[in-house]
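Next, two complexes with subunit A in common: one pairs it with subunit B, the other with subunit C.
And then the complex of A and B:
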């Protein structure tokens, strides 16, 4: 039975990936590109040591983003606000870390806590609006994303938080080396794997533990499966919503840190702001399971990194965004189709068993 | 209220002809997105993909408009938007997947596809670039009724309380009025009529309120949902085309989240055309004041205006005995008045985030009174009970 469940949970992503690869191939053919050349060039570059390093680094970011989204998903909450939560969290972390002169371990702990706190606080607004005022978190987090962008541009452009970090780029002061987590160049001698990779693995394990081995996790999953049943058994739904949103926001606050502490050391106006949306795609792909999310994150990061190579073949790298969009839509559709078939086959087997009983009786 | 603010700040921009005319230009695409949202959600399909459909519309308009003129651009924008709508309908109606996820996927897909195609189609085009199309050929007719605008503008410049403000407002309606804006207005009127006064509209809305009951009465729910969502895509596409034509080119990121803002206007317009249009005009007005802000005074005026509005609502609520909310409003109004008098000017970022904060405020205070369609977002399958 377990094997069968595993197979059915793998078949949908497999179909999704297959169909979206096929659709991508059709797009590539229709613009006159040679599909075999392109896929093999993506594969060749993507498996080079440098690309593998870049892929792991990006996957670390995507993994955290998808974890943040999936905590909400487990309870049918849509945290579309990961973007806003992580950019504010990263900015706060950058400001705090750049003013610290402490031993590495302490400095990094403080930085991480700052980012988590700010991310959680920003998500907390949406949580409060939902439980106290009945505002859908989908809309409020979208609005909060825009507000976060405005706040950041104000702080960096018009206050002393921002300085000219390089020519014509304003950002926060650079974090001293003691506060950075640059990582280790163990795959490619010239590119480092972010040190935050290890921390994000811990976050993943913590996520698994919290959801599957604690009372809170049980309540959370129960509320997600059936809010009314959970309420009847004594779960306080408003408290669950607030805690879940805060947790999701706290993890979201971490999303920018691998890059901030491993690469830039400063939050500037060119800091990527769209890593939250990709988290939604990956959370779906990984079915809210930490291992699934990790695989999904690596896969999407592979697409992103290796598609950078395509410019040489005359194909815009945006093909990877198209692929991601296709994957999401095809994967959710195939989940639904697989689920319906499953229900149908279960109904049939029940009907068959009942029919037999009737005959024997 | 506008005239009080204008008089106190002695800032003529707040009600000038140009401001009003420009506000309508900014408001129209948002209004179209909001209207698109009404169509989809009245039939029970949440459309987060509005942003993506708008992006498709901006691209279609840039691509066709550059080659065959502005009207071809409008048509292509509508068609591209409809493709986005069709995709949502297939995913959400036929397959019954989560509508918010489907919409998010469409946004991602639209963003990737348009950027991808822009590089392929516009890079080597004359006047185009990797991220923008060549200029759109030809124009959509724009009307100015000089016989009305000139005397009223003159009257506006005299700065008489209320009279001049009204003159500016009215003159703005007849100054550089684009045919597309008029079409937008007609679409709103048509929607109010079609959805609320005809049998077709009743059936469509029944698909969003209680599709199971509608089905039992013989309404072809799936067909109505398809029609509504595809038309929603067309409207969003038109909104996108409007944006491209207003800026004469397609540019990556030209929508800047207007699809989401459209969604917000729809919500605080209570899923109805009138309120949605009002919301869109407010957004357009704030946007305009921010962009034509020369002496950093417009934002200041906006803050005062906001405070006055808050006080009015607060006072009204105090009378209707909703004390807690009323006190919240009055406090917020007081904070804004304080800010108004303590600062000489405000950074444009305040106006940048003002629409979103306003949306949150409106939702926070009014969401109990809003009434979305009962089966909004609920997947429907014929023959299956809920």
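And then the complex of A and C:
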């Protein structure tokens, strides 16, 4: 049974990968590109030490984003607002960290707590709107994303929070080295793997533990499977919604930190603002399972990083975006197909067993 | 492999040629620059989606393709894609430098942090960056006095306006673009101190979509025209298309002013050309060409390179003959700026 479950969870991604590779090949041929050359150069470049380091760094960001999304997914809550939660969390973290002169461990802890608090607070608005006013979290979180961009722009452009960090770029003051988490160059001698990688692994383990080994996690999954059944058995649904959104927002608050503490040291107006949406795709790919999410994050990061090599070969980098989209769609469909087949085969085996019983009776 | 063979055969032919006419020094000299030029490989990195905006990025491309035809250099273009990280931009520049591209030209200030990290690692490569300053001995920083060029379009706009009411559409609300607005306002007020100027930005600082929302620019322009404006200037990258659409819809008597490239001659904008009075030229093409030509001539262009009116780094286009009427006023203003009599500010009061 367990073996069968394992096979199920592996078959779908394998099909997804195969089909999307084939479809990408068709697209490449139709634009007149040499498929084998492109795939092999993507692979060769993608497995070089420097590209692998960049891939891990990006995957760390994607992993946290997908975890934040999947906490909500587990309870049928769609947190589309990871974007707003992480940019505000990163900005707050950058402001606080740049004003700290403390030992590294304390400074980093304070920075992380700030980011989590702000992310949770921003998600909390959507949670409150949902339980008190019945506003769908999909709508409110999307709107809150826009509001977050506006607030940040105001703070950086019009208040003393922002300074001109380089010509034509405004951002927060730089974080002192004691507050940075630049990491180690253990794969490529010149490029560092963000120090936040380790922290995000802890977050992943914490996610697994919370959902599978605690009363809260059980309630959360139960509410996700059947809200009415959970309510009947004594789970308070409003409290669950608020707690889940706050947790999702707290993890979302961390999404920008690997990059902030490992690379820029300042939240500037060039800071990427769309990592939350990638998290949704990866949460779907990884079926809300931390290991699956980690694999999905690494895979999507691989495609993103190797798209840099694609443009050098004269192939539009959008090819890798198309591939990502195809994989998500195909994997989601094939999960469903595999699941239906599994249900059918179970029904058949039950029917067979029952038939045998009748005969013997 | 193939390149090695090519190079070897070129060398073989060259040595044969030299051996054949060893006494003729003329041949060797005239052959030298061409040989150097064909060995020059230019790497160009655009930000976000790159070419096709009919404006800023296409101006950079125009300089690049001119160098390709005139100087015979090899070219390679890449773009960073939307929402790129500094790490991704560093990697693009590194890939170009590693691939033997020299010069490597970064189009847009978004590359400044990435270039500051990459340039010191490749001291033998010459880099250039548009709209920013990177302090490294092998980087040319190409800066434009956009406020001076915008002053001239302001003079033209105010002279052409019948209603005494003009408009400005900005891309992202950042100092770089505010300098356009400041110059435009100042130029317009120098002609008509009581002129009404509407101003609207397509997005706050940090909102990267601001350069590519033509529908939003169209709505904004529609609003300005409804308020009585009859000449509109857009410094908004790809969003500028919306202004052209709106002005065309308004019909005769309304004018649009383009930016960066000579938008009257941009093929993709051909259907709007009759409504494009002039364009503020930010000669990114000249700057890019200069960088490449300097390298081909063996004297790389590094340090801060300011492109202003006196260097013809900014200006206005006269492709549309309708602008001739106002050219005298604009040229007089240009002379005053070049002589230092008028100093154009870069901030909007």
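Points worth noting:
We take it that the second predicted complex is superposed on the first by the 361 of 361 C-alpha atoms of A that agree within 3 Å, B and C clash if a C-alpha of one lies under 4 Å from a C-alpha of the other, contacts with A are read in each partner's own complex, and residues count from 1 in each chain.
Here is the rule we go by: contacts are C-beta pairs under 8 Å (C-beta built on N, C-alpha and C of every residue); 3 or more make two chains touch, one makes a residue touch a chain.
Note that this is a predicted model, so its numbers are computed, not measured.
In the superposed pair of complexes, A:150 makes contact with subunit B and with subunit C alike. In the superposition on chain A, contact is made by A:259 with subunit C only, not with subunit B. Applying the stated contact rule after C-alpha superposition, one finds that A:57 touches subunit C and leaves subunit B untouched. In the superposition on chain A, A:166 makes contact with subunit C only, not with subunit B.
After overlaying the two complexes on the shared chain, residue contacts for A:308 are found with subunit C alone; subunit B is out of touch. Residue contacts after overlaying the shared chain place A:319 against subunit B, while subunit C stays out of touching range. In the superposition on chain A, contact of A:329 is made with subunit B only, not with subunit C.
Across the superposed pair, subunit B and subunit C both touch subunit A at residues 150, 153-154, 157. Subunit A contributes residues 31, 78, 80, 129, 133-135, 138-140, 142-144, 146-147, 150-151, 153-154, 157-158, 277, 280-281, 284, 316, 318-326, 328-329, 332-333, 335-337 to its touches with subunit B in the complex.
Residue ranges of subunit A in contact with subunit C, taken from their complex: 50-51, 54, 57-58, 149-150, 152-154, 156-157, 164, 166-170, 190, 259, 263-264, 269-275, 304-305, 307-309, 311-312, 317. Put simply, subunit C touches subunit A in their complex at residues 76, 78-79, 81-88, 91-92, 94-96, 99, 109-110, 112-113, 116, 121, 131-133, 141, 143, 173-176, 204-208. Residue ranges on subunit B touching subunit A, taken from their complex, read 48, 87, 91, 95-98, 100-102, 104-113, 115-116, 119-120, 257, 260, 263-264, 267, 347, 349-350, 352-353, 356-357, 359-360, 363-365, 367-368.
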